[in-house]
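One structure, as structure tokens, below. Some questions next.
All chains are identified by letter, namely A, B, C and D, in their written order; residue positions are counted from 1 within each chain.
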Amino acid sequence: MNMKTDRIAAGFEPDLSVSLAGIRLANPTVLASGILGTTKALLKRVAECGAGAVTIKSISLAPRDGHANPTILAFDAGLINAVGYSNPGVEEACREFSGLSDVAAPVFASVIGTHAGEFVEVIGRMEPLGFAAYELPLSCPHTPGYGTMGGQGTPQATLEITKAARSATKKPVFVKISPNMPAIGEIAAAAREGGADAITAVNSLGPGMLIDVETRTPVLGFGMGGVTGPALRPIALRCVYDVFKAVDLPIIGVGGVSTGRHAMEMVMAGATAVGVGSAVHAFGPEVFGRIVGQMRALCLKLGAERLSDLIGAAHKQQGLP
Amino acid sequence: MSDMRQSSWKSGLPFSIRVIEVRDESRSARTLMFRRPESDPDVAASGDAPDFNLSGFVPGQFVMVWIPRLDEKPFTISYLDDRTFGITVLKRGPFTKALHAMNPGDWVGFRGPYGRGFSLSAGGVVVGGGVGMATMATLIDRLDKPKILQGARTADELLFLDRFPGMDISTDDGSKGRRGFVTDALAELISADRPAMVYACGPEPMMARVLQMCRDRCVPCQASLERFMKCGFGVCGQCCCDGRRVCRDGPVFNSDELAGLASFGRFARLKSGSKVGIGAYHGGGKGE
Amino acid sequence: MNMKTDRIAAGFEPDLSVSLAGIRLANPTVLASGILGTTKALLKRVAECGAGAVTIKSISLAPRDGHANPTILAFDAGLINAVGYSNPGVEEACREFSGLSDVAAPVFASVIGTHAGEFVEVIGRMEPLGFAAYELPLSCPHTPGYGTMGGQGTPQATLEITKAARSATKKPVFVKISPNMPAIGEIAAAAREGGADAITAVNSLGPGMLIDVETRTPVLGFGMGGVTGPALRPIALRCVYDVFKAVDLPIIGVGGVSTGRHAMEMVMAGATAVGVGSAVHAFGPEVFGRIVGQMRALCLKLGAERLSDLIGAAHKQQGLP
Amino acid sequence: MSDMRQSSWKSGLPFSIRVIEVRDESRSARTLMFRRPESDPDVAASGDAPDFNLSGFVPGQFVMVWIPRLDEKPFTISYLDDRTFGITVLKRGPFTKALHAMNPGDWVGFRGPYGRGFSLSAGGVVVGGGVGMATMATLIDRLDKPKILQGARTADELLFLDRFPGMDISTDDGSKGRRGFVTDALAELISADRPAMVYACGPEPMMARVLQMCRDRCVPCQASLERFMKCGFGVCGQCCCDGRRVCRDGPVFNSDELAGLASFGRFARLKSGSKVGIGAYHGGGKGE
């Protein structure tokens, strides 16, 4: 080992860019769906803060009010949310997200539906817009009719919905999976078989619950909700590690990332890109630039000229499961 | 290794507190008073250290008010002393009706305070319209004898007449004070004597006029916005006014910031996120 | 509602005792298995610190060295461990845990095996000792041959092993289940059918993983491990809530509890007793007395004369799932 | 509401640091030197705030030393200045062999420091046996010219002869200093002049004799114990000596505490938790 790599003042500028299913990202950070992704103005701001790509909040065919408040709460180890997919529906979304070239990074559309046909219809309506890819979250743990509460987290449903979405567009399709399914590799394999171009791992954990003791009442309006942020991080890393072993698709690793070191762990577990959501609570939209700066410093420390050389690096160790 | 600075992560769960007093403030507004948990010996005795803590409260910040099994909405702290605090609620829809129905002993949940409050400077003028006066109350407490302009539709919707004697009052119908809009009173004041700062909270069309007036005459101004909120701490994007999160970047914005917001005074978002005209959003509401 | 209950100086002493499958605990706190439960001296100390009951570290037929270090690490939202069931085996355990009447609280034995017959044999060897009950953790997520890695977390295996253990003793049998199975109610029902007297919910979450970036290596010796502590708390609460709905057995709620308020949430979700493990990291063995004192204060605040009246209180709210 | 005081939860993940220097200390002991992350500009530049931080280190505390893909074991910090620290390792089994094979540039992971160290008082005597001297080194650095007794089997196993000149040396074979056990030297010293405190670290049978001697003559004493460790922070129960967790309640214990430990000097636990005689545990090891 060379002592020179110990010094950050090394003589190279690490290349943080990655190619995700054919889409070039200047750096691997991606704004996760459901965080700040309600308007084009917010996407622009997040891109200007340094995100490599941004994802809109999930859009359904018809407008949805979502669950009653409280919908999102911070507890000591993360966030817990049951937003219930509130969104203005695809028609208004098409107005809101027109002219996406204003946004300084690729924009991913997140599309939801209660059955395959709805996914197809929403994607069809969005096709004229400038989205770089479609993400299908088949894994929300707290919205009846959708995700795991809609039976979409099984290998069969994943295959069927992915196939349908695949047939509706030539753009890349990402399938977002749940950390709650023990056989996560099977679900990733089903998505691959259905024609997915990448796996987004993972959606929120649980559901979980917190109770107000004085009123004996669960604190979320819906009673329970998905857990994200620091609490999710080790689980998400293991999921990314498992998916990397199970399928040869690029992975967007999401869950608890709030520093460059966390993002680097994701990359070494197998992620090509790294989603960031709850960390906006602790660090604001500026978290993206902060993470990117820290990843650059870590590349220098490790003597890595291209971040992409580190994807899956943790798998190159012997004797581990 | 975890290089996340733990201090950056803030837990913010609601803490339920009993109503200790109910006060009628006007025909349509009522104040609910509570004991501050930081100074409640019973809270300390049970080893609790609630996330809800008002010790760093800045006027203009808000709290999320939770009625279990119903809903949770943002409100201003309108009364604050060492032992107690209060919120002043205008009866508008189902949630505020439920708050008006509360009695001493009933539980209400609180989290926060959230957002960026007013930045205080000497020699300002305070402009409150309708229940927007609730937001101005703790600000007035901290300013040194500011000039106060209050506007309301009629006399019996005016707030804090005894609490802040000597306010300059306007009513739409002239039932008390001058007849007309509070913005007319402000126009007069500004042309007579350029104030160092104008602080405003009220219906958004009123605040839009205040902003216009202040910018025309190069008077700095700060105004507190109202948008539908979910998280209250800047992650969900529900409350945004263009690229600004009202809950975290605001709710108080200064003249320059407001001038950059195309939606200010024009559009807001409903619970689903649908964008509607500001009139449709308020349903004629907010103290008008 | 009565304003008098607002004052803690109320005129009664709340009764914190509970009856768990016929065993009387002076208070609902239980030392969770695998924490400080290696020696009788430690059990004594924990009981003196105020625990209502204590559980020994899981014992197998033969001694086990467990996984290589690092086996237990603290991260920012909890602990992550892959101890791998190191234990001296049942023969030495019978020496270590003789004369249990020295311990000022009921002692539960935790018993593991790779198949039903092993559980029966270990229980058989332990029968002469003074254990108050047997706990079967069919849910460890990081030890090959055991728990979920040994296929013990399915309804069928749970039924089979519980039945076998049931036939080996007249003492109460607790079945400890995993938070990682979506259909947790089915597993609780299988345990009930097999003759379990109580459900311990839950074991550790995941597995999760953390990676050392400099050496590109997972930090645990085993590569991955179970997540416990604050990160687990909302998931554990929801599991207890679900099990309470699914079966009419008493529940030992375990996961992330470190304060009286957390313990009270568990009780309101449906727990009769409340396990405490990782909190020993933050507060030492003294955490038991601290939790009990805080629960007493909360009972006074709520005007509850008997803690047991609050078991499942959060289920009495309408309109929640 | 979360009333868990977040400050009580401490993250403690290993942080990997490169070896910067290797020093032979004796025939069988070698020191590895590292840069302290708190004062490493490269660590600061990458925005890291490692959990591993020696700024509050107290002599007697230990760190967990990790060799990726091999194992992790407890070691004392034997060198500490503003920029660097070191561990001194006696070659015993596979893990210490691997540490001896390290070269500058190799990575070693650290977490900690853990445990309760020595409580310092004026006018003490330091007694080190074998690699137990490594534990005493930072203590000696902080005490004001303490009397130091070092014992070893032979001359070429003695540590820090240049670093701490004027030590009172004993060797079993008389190859340097007095011939005999370091406990003989202590016995002599205690009967001549009762010391205010005796600090000891070495093979447990030696420490048991030190304790006996000190108690007989009413001299207060503190000794640092060694047990097999897993968590290092007091949850797994692996390291316990009766009801005490060596990793958290110790590793340093005072006379009264030691006298209450029936297993002290007699029993320890292997990796599985099996209880064995202290001789079998050390396999004749620990610098004897």
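Everything below uses one rule, namely that contacts are C-beta pairs under 8 Å (C-beta built on N, C-alpha and C of every residue); 3 or more make two chains touch, one makes a residue touch a chain.
Bear in mind that the values here come from a model prediction, so they are computed numbers and not experimental data.
Put simply, the chain farthest from subunit B by mean CA position is D. Of the two chain pairs examined here, A-B and B-C, it is A-B that is joined by more C-beta pairs in contact. Once the centre of each chain is set as its mean CA position, subunit B and subunit D turn out to be 60 Å apart.
Centroids built from CA atoms put subunit C at 33 Å from subunit A. Between the CA-based centres of subunit A and subunit B the separation comes to 35 Å, rounded to the whole angstrom.
Annotation: 46 Å between the Cα-based centres of subunit B and subunit C. Those residues of subunit C in touch with two or more other chains are numbered 75-76, 210, 212-214, 217, 229-230, 259, 261, 294, 298, 301, 317.
Within subunit B, contacts with two or more other chains are made by residues 1-4, 6, 9, 11, 13-14, 47-48, 68-69, 107. The touching residues of subunit C, counted against subunit B in their complex, run 1-3, 6-8, 75-76, 212-213, 259-261, 290, 293-294, 297-298, 300-301, 317-319. Chain contact summary for the complex, subunit A toward subunit C: residues 75-78, 80, 148, 180-182, 205-211, 213-214, 216-218, 222-224, 227, 229-235, 237-238, 241, 256, 261, 264-265, 268-269, 298, 301-302, 310, 313-314, 316-317, 320-321. Across the complex, subunit B meets subunit A through its residues 1-4, 8-14, 16, 64, 66, 68-73, 107, 109, 111, 230-231, 233-238, 240, 242-243, 245, 248, 269, 271-275.
Residues 34-39, 41-42, 44-45, 57, 63-66, 68-76, 79, 81, 83, 86-89, 92, 96, 210, 212, 214-215, 217, 219, 221, 229-230, 258-259, 261-262, 277-278, 280-284, 294 of subunit C are the ones touching subunit D in the complex.
Every residue of subunit D that touches subunit A in the complex is listed here, in rising order: 1-2, 4, 6, 9, 18, 41-42, 45-48, 68-69, 104-107.
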